[in-house]
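Each structure below is given as structure tokens.
Paired with chain B in one complex and with chain C in the other, chain A is shared by the two complexes that follow.
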Partner chain A sequence: MVILHLAIILPFIFALLAPLLNRLLPRVHTGWLMLPVPVVLFAYMLSLIPVIREQGDLEGTIPWIPSLGVDFHVYADGLSLLFALLITGIGSLVLLYSIFYLDKNKEKLVHFYVYLMLFMGAMFGLVMSDNLMVLYSFWELTSISSFLLIAFWHKREKSRYGALKSMVITVFGGLAMFAGFLLLYVMTGTFSIREIMGDASAIANHALFIPAMLLILLGAFTKSAQFPFHIWLPDAMEAPTPVSAYLHSATMVKAGIYLVARMSPIFAGEALWLWLVSGLGLLTLVYGSYRALKQVDLKSMLAFSTISQLGLIMSLFGLGSAAALYTGTAQAEFYSKATMAAVFHLLNHAIFKGALFMVVGIVDHETGTRDIRKLGGLMSVMPITFTIAMIGSFSMAGIPPFNGFLSKEMFFTAMLNIRTMELFGMEAWGTLFPVIAWVASIFTFVYSMLLVFRTFGGKAQFDKLEKKPHEAPLGMLISPVVLATLVIVFGLFPNLASYSLIEPAMAAVHPGLLSPGEQFMVSISLWHGLTIELFMTIGVATVGILLFLMHKRTAVLNQPLFAKAILNRSYDGGMRMMERLSGAITRVYMTGSIRHYLIYIFVFLILAIGMTLFSEDALKVDTTGFADMTFYEAAILIALVLSSVSVLFVTSRLTAIILTGAVGYLVALFFVIFRAPDLALTQLSVETVSVALFLLCFYHLPKLKKELVSLRFKLGNFIIALGVGTIMTLVALSASGTRPFQSISHYFLENSYKLAGGKNVVNVILVDFRGFDTMFEIVVLGIASFGIYSMIRLKLKEDGAEGG
Partner chain B sequence: TVLITALCILMLAILANLYRVVKGPSSADRVIALDSVGINLIASIAVFSVLLHTHAFFDLILLIGILSFIGTIAFARFIERGVVIERKR
Partner chain C sequence: MELYMSLAIGVLFTVGVYLILSKSLLRIILGTSFITHGVHLLLLTMSRLKTGAAPLLGEQAESYVDPLPQALILTSIVISFGVTSFFIVLAYKAYQKLGTDDMEQLRGEQNE
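So, the complex of A and B:
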């Protein structure tokens, strides 16, 4: 038990306590009671920075299911620490913001904070877990708590739709990831990520290596909203804004990125990994930034922006994995620059995107709309909000002196570096990478400008707004101001974080790349000389400004290239199709007709038994043990066959009943000649009674539907009946032909008088040797008679439903 | 062999009766045929138990006698009155 365990459990404890605290202190906004949790955790995480740098990684374990190798094993290294700081730090700010954002009297605050605490704990546990199964548990917990948070306003249909969609997609990916984890376990025999990393080179040629990689990547891509699984994120914007800011920009969507970074030491060096992660990341980057241009809703715009920035980070992690191929050479450092850029941008994006979401929340709160077409001219009304929005957007666009500029420069550097690689077909396609990145950056620039200047610039049109806009309350502004300050601080003094946060995180992503005592060179400077990257940025800014100025006239920016969201449509269509298809399939075979069900049962019986009979070579007809047939047996048999067959062909029901009776009596005769007097007695009386009952039924048949016609002959029924008969005959013959051991009947014959004092062996078996069966047969008869009695007597007739 | 011949004759009688059961133009014919099937059965079981040297089947003879009597009566009532058991009110 380490303090880390306590730290992970703390949010869950507070989630449990939240309703109680709310009951005890009803006047206090629940958010104030929850605020200490992330703050304390954040402080604790900060105190771990020097510890991890100097004394190495922290770990601790609590057994959970030791017999299966599943332990609650926590492990804190540079990467987890970076994520943990983001989670707790932005978590504190979001909590503070939500206190002012959510109204105490109108909203169900307890629900909100319970979900949020659950989410925080799950996310925190996710990044700290070393055990794959524990990681998966926390992963699903983030999916579930995110589902609850998105549908926080569950009375709105769009909230429920968005929550369901995100649930379906992320859980689909989560399950794929689970399968991938299991494959890893199959290959290595351990759930511990550290131990798997140790085996990484051993399993690289395993047959399950590629499937495991693909499945785990599927999990990461769905969670991190990569193309084409990004479709849930824009719909998740129905959540309250603090949730969007926290989950859908800073933390949960980065879980997939965390997974990619965490798994990188296992899978890096594989061509497929590099191409999938980088390629899909770049595709997401371009697609997301392009789609963001078209949004008229501020939150949707930010959602697509998040998607594209996540693609950027993802592609950088993919490129960084190239470093693993050059372990020990100078090139390793060269390619690991991509990882540095990824980690740095991860940090930057969380900061400025959090601020931007909060800004949009403020705008929504103060004006009543998020529609970009109705907004404008808020600059003078909301100066502080405007400043924050500008800082955030400029950082996102990559304009100096904000931190986004630095990460964009590093992004370009990494993209340019990859051209020099001579593996995996990079020499042919590598040139494409910087070009795509450059185009995407232009789109990013344009929508960032749109975001600021169409909301705050331009003409004021207050008459379209529901409320009279004014500056937000101070409490709501604290968190975005803090974040905006951080944007500038990291922009001006980027080396603040370089050795405390970025270097340890890089070391975690690239273990084995460094010899002990060595460190990655992390130096980020605002001015790095006249390089190609700088000219690329200047180009981005120039083209971006031009496009922005002409955006009302530029067809590329206004006319949707894809008429509607194709992927959303195919998702909806796919869902509907699946529903309809399964409905249709069910309707086809669940006809409601007993005849059809009987056909299924019999056909299955024929197939199953017949196949087994032939595949196991069990069909043996051995006639050596058979007795000779006597004359009267033959006579009764003929009579039996005649009467059974004629049941099928008679035209009146009465005749059929009588013939059935005849069959019963003939069976009784069989009992006689096979020397079973008790059976014959019982058979006779039972047959008489049942024939009488049949006649009773016959008499009470409704008059109108009386169809005294011959059975309709159906070929299918005939074949099935024939099949069942043949199969059962074959089974009986084969079973009696092979008798592997003696029957136990001689015991009863010897002991029925000696032990039980009866000469009638059948009766002795019934009441003495096997008395329990008889008892329950009696129970069956009793139940049947009660059932008949109650069916006749109790005729409950409740509004139309026929009883009895 | 005498007994077996007897049994054969009884079997033929049963088959003939069954023919009447199947064919019989009216219900009464069938009921009578069934009644005589029952009596033939009694006879054949009796012969059969002599053949097997056992008296374990004598109960059966009695039972068939009773059952065929009751059955015939029930059928007769059914044909005559439409119900087997009348309600006492």
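So, the complex of A and C:
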């Protein structure tokens, strides 16, 4: 399947070419050069619709790391196709919009389009990947390119803050998801999603099944801005508006939803999955719609609105998973209506939210502000923009005849259906679902109305605006007009989408429900009779209109409940606290004093060796075979101990050096006694030279004054020193007490003369048997002497600069 | 003898570590010499003491002491000599440049 691979790689190629093309055609807005990519991809994807519907799914593979089971395996089914169409379709429109939105001379266009192309390719690859590792790679690439796009105006403090926040949260989730993928691999031995689906029933009782599910959900929830990980999305609104429209409403935030839908065949049927996905989705829905009411910035309002709509879709996918419990029966189809609603709303939301963001961008562009308190009365000045905004908002609010109405009705249906379920405690709690959904819909209705009528209705207050508002240029209006048209088209003729997009997508989410050759029959009609759902919608509209009219008066809505943004504060506070804590910890132990570091090292040495000695019961002293001690040896030993200990008490520098020299000579004497003539010779000469060196250098140093230190300082040092000494004695004793195997020295003794022709065995070892040691020891001496020479020659200048 | 040698090695290590933990640069370098001596004696003691004649085949003895540790110690003596002499000169230059040999004053800048 080379074409599908090529399609994924195409945006990356253009991302590479963008700087070059810009250089070659400097007069053309870079956006025009990039525009063909999504258009061509969109056309290709459209051509795949009948192919996938009639002939089944497409797949193809290119080996990447075959030894690890990681292959660039692409797989296009109904769900991928739906997402791919959204990505390329809205991508084309956003590119077109951005050409008119971004100024050619003021902005770094090449950067913008490189990032955008990277994002497009990554998102496209994400929805097409069958291999979990490839999916994860694309997933992280969307995080990175989104990070770059949010901070596009990187000179602004808030842009950088928003980019960093979104990066931290989404990458945190991405890593969790990666761990979940690895757990899936551990359970099934494959990275292929389709093969894992095949094993789904086999791994359902595996101990790692629930952890894998939770980790993957964490990834999905952070990416799709579900409560309480939604906090990055409002801050990501610092991005240029085309980016907000594309990434933060239509595509990237739906990656988590894609993941949930894609993983549904594996995890559906698990109570935890149903409750977590639908419960958290509903919570996000209510919370997001409530918070959207509070916003005065249009983009923030849309951000919270996106959060709440994503919660809606998420909860529907959660409820749809109930269908997996009833294979092949009418009940399954009953519950799978939730999935149908989810897929349909996914499509609708991408369309109307894209349009709304573009509208807000136009308002911002033409008036210089997005603050709802400064805006008003734009209806007469910007009639086209107003019309688009109205269509988008009414669709979002769920008013007929727009497409939002249909998906809202289906949403209510799904919520009502779940009450009848008799599993997982639904009989007790199921009634809550439609109630929460209804309340959230009212909030949605109110903020949608606020969005339109605060911006375009009411009194005009043009004196507060930076610019004199006027209608946007035609080019900027094309994309939102197209989207608004689609809102109406899908509202009036919903079956256009149902046949080509929704049915295949449902088949992908519920692969087990259908027998081969069968297809979901989705039929959505604008008028479906007097149902409970219709009355619920009428209720939403009635209460919503009342609340909107009383908005200024109703205490409930104006109350700064939640306005303190507890979650953002805890995020910021948490970040600050972690920084401070790690800083404090580092300051505590990284003191800069070499003595402290040595203390850590010695204490660790004492503890590690001491504990090992006792835990392994290694402390055995076997005195048999120990040599006797004669009078001379005892005398030297006592002299050694005495001179060493007295070094601690002397105050004169000269005495200390001489005492150290004495210890060296006594060691040489020991070498004599212990039959080591060469060692004795070397030790004597080395000691002499060392002492001379000491005297030579330290003649210039200040007198070794008695250290003016506290008793605690001395006592601490002494305890540690004594500990090290004791440990070394114990190690020496237990090591010399045992001899696990014979020494190899008899070989040297036997062969020294025979093979090497020398009778001094030590010298033969040094230059013959183990000559390499000697060679490098000579190198050490050479380096030391060069070092000393250059240090002495080095003239240190007063200003600290070095020269020689 | 090994028992007493082990105790003496312990004393050498104690003195060495105590000196290393002090403030004066000279004491620290002296401390390293003590630890070096301790290590050399430890190496020698570990291979059993006085088990025969010196490892010179001309002696025609029944048995000889282990020659291998002696070779190792010899290498070590030379290396530690090289390192010590380097340190001494380094300390001398540091004192010349910075005017102190107090380790607490040689801490470097805060927040470098």
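The definition used in the following text is that the second predicted complex is superposed on the first by the 752 of 804 C-alpha atoms of A that agree within 3 Å, B and C clash if a C-alpha of one lies under 4 Å from a C-alpha of the other, contacts with A are read in each partner's own complex, and residues count from 1 in each chain.
One rule holds for everything that comes next: contacts are C-beta pairs under 8 Å (C-beta built on N, C-alpha and C of every residue); 3 or more make two chains touch, one makes a residue touch a chain.
As the structure is a prediction and not an experimental result, all values here were calculated from the model.
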Per the contact definition in the header, classify A:P50: touching chain B only (first), chain C only (second), both, or neither.
neither
Just chain B (first), just chain C (second), both, or neither: which does A:A692 touch?
first
Quick check for you: in the superposed arrangement, does A:R675 touch first (chain B), second (chain C), both or neither?
both
On the A-aligned overlay, A:D628 touches which partner chain: chain B = first, chain C = second, or both, or neither?
second
I'd like to know which partner A:A662 touches here: chain B for first, chain C for second, both or neither.
first
Answer with first, second, both or neither: which of chain B and chain C does A:G573 touch in the superposed model?
neither
Partner with the higher number of touched chain A residues, chain C or chain B:
C
Following superposition on chain A, which residues of chain A contact chain B and also contact chain C?
673, 675, 677
Over in the complex, which chain A residues touch chain B? Could you list them?
631-632, 635-636, 639, 642-643, 646, 650, 654-655, 658-659, 661-662, 665, 669, 672-673, 675, 677, 680-681, 684-685, 688, 691-692, 695-696, 699
So in the complex, which bits of chain A are touching chain C?
591-595, 598-599, 602, 621, 623, 625-629, 633-634, 637, 640-641, 644-645, 647-648, 653, 656-657, 660, 663-664, 667, 670-671, 673-679, 682-683, 686, 689-690, 693-694, 697-698, 700-702, 704, 707, 709, 717-718, 720-722, 724-726, 728-729, 732-733, 735-736, 743-745, 748-749, 752-753, 759-762, 765-766, 770, 773-774, 777, 780-781, 783-785, 787-788, 791-792, 794, 796
Complex contacts: residues of chain C adjacent to chain A:
1-27, 29-30, 33-34, 37-38, 40-42, 44-58, 64-68, 70-71, 73-75, 77-79, 81-86, 88-93, 95-97, 101, 103-104, 106-108, 110
Once bound in the complex, which stretches of chain B touch chain A?
4, 7-8, 11, 14-15, 18, 21-22, 27, 30, 34, 37-38, 41, 44-45, 48, 52, 54, 56-57, 59-60, 63-64, 67, 70-71, 74, 78, 82, 84
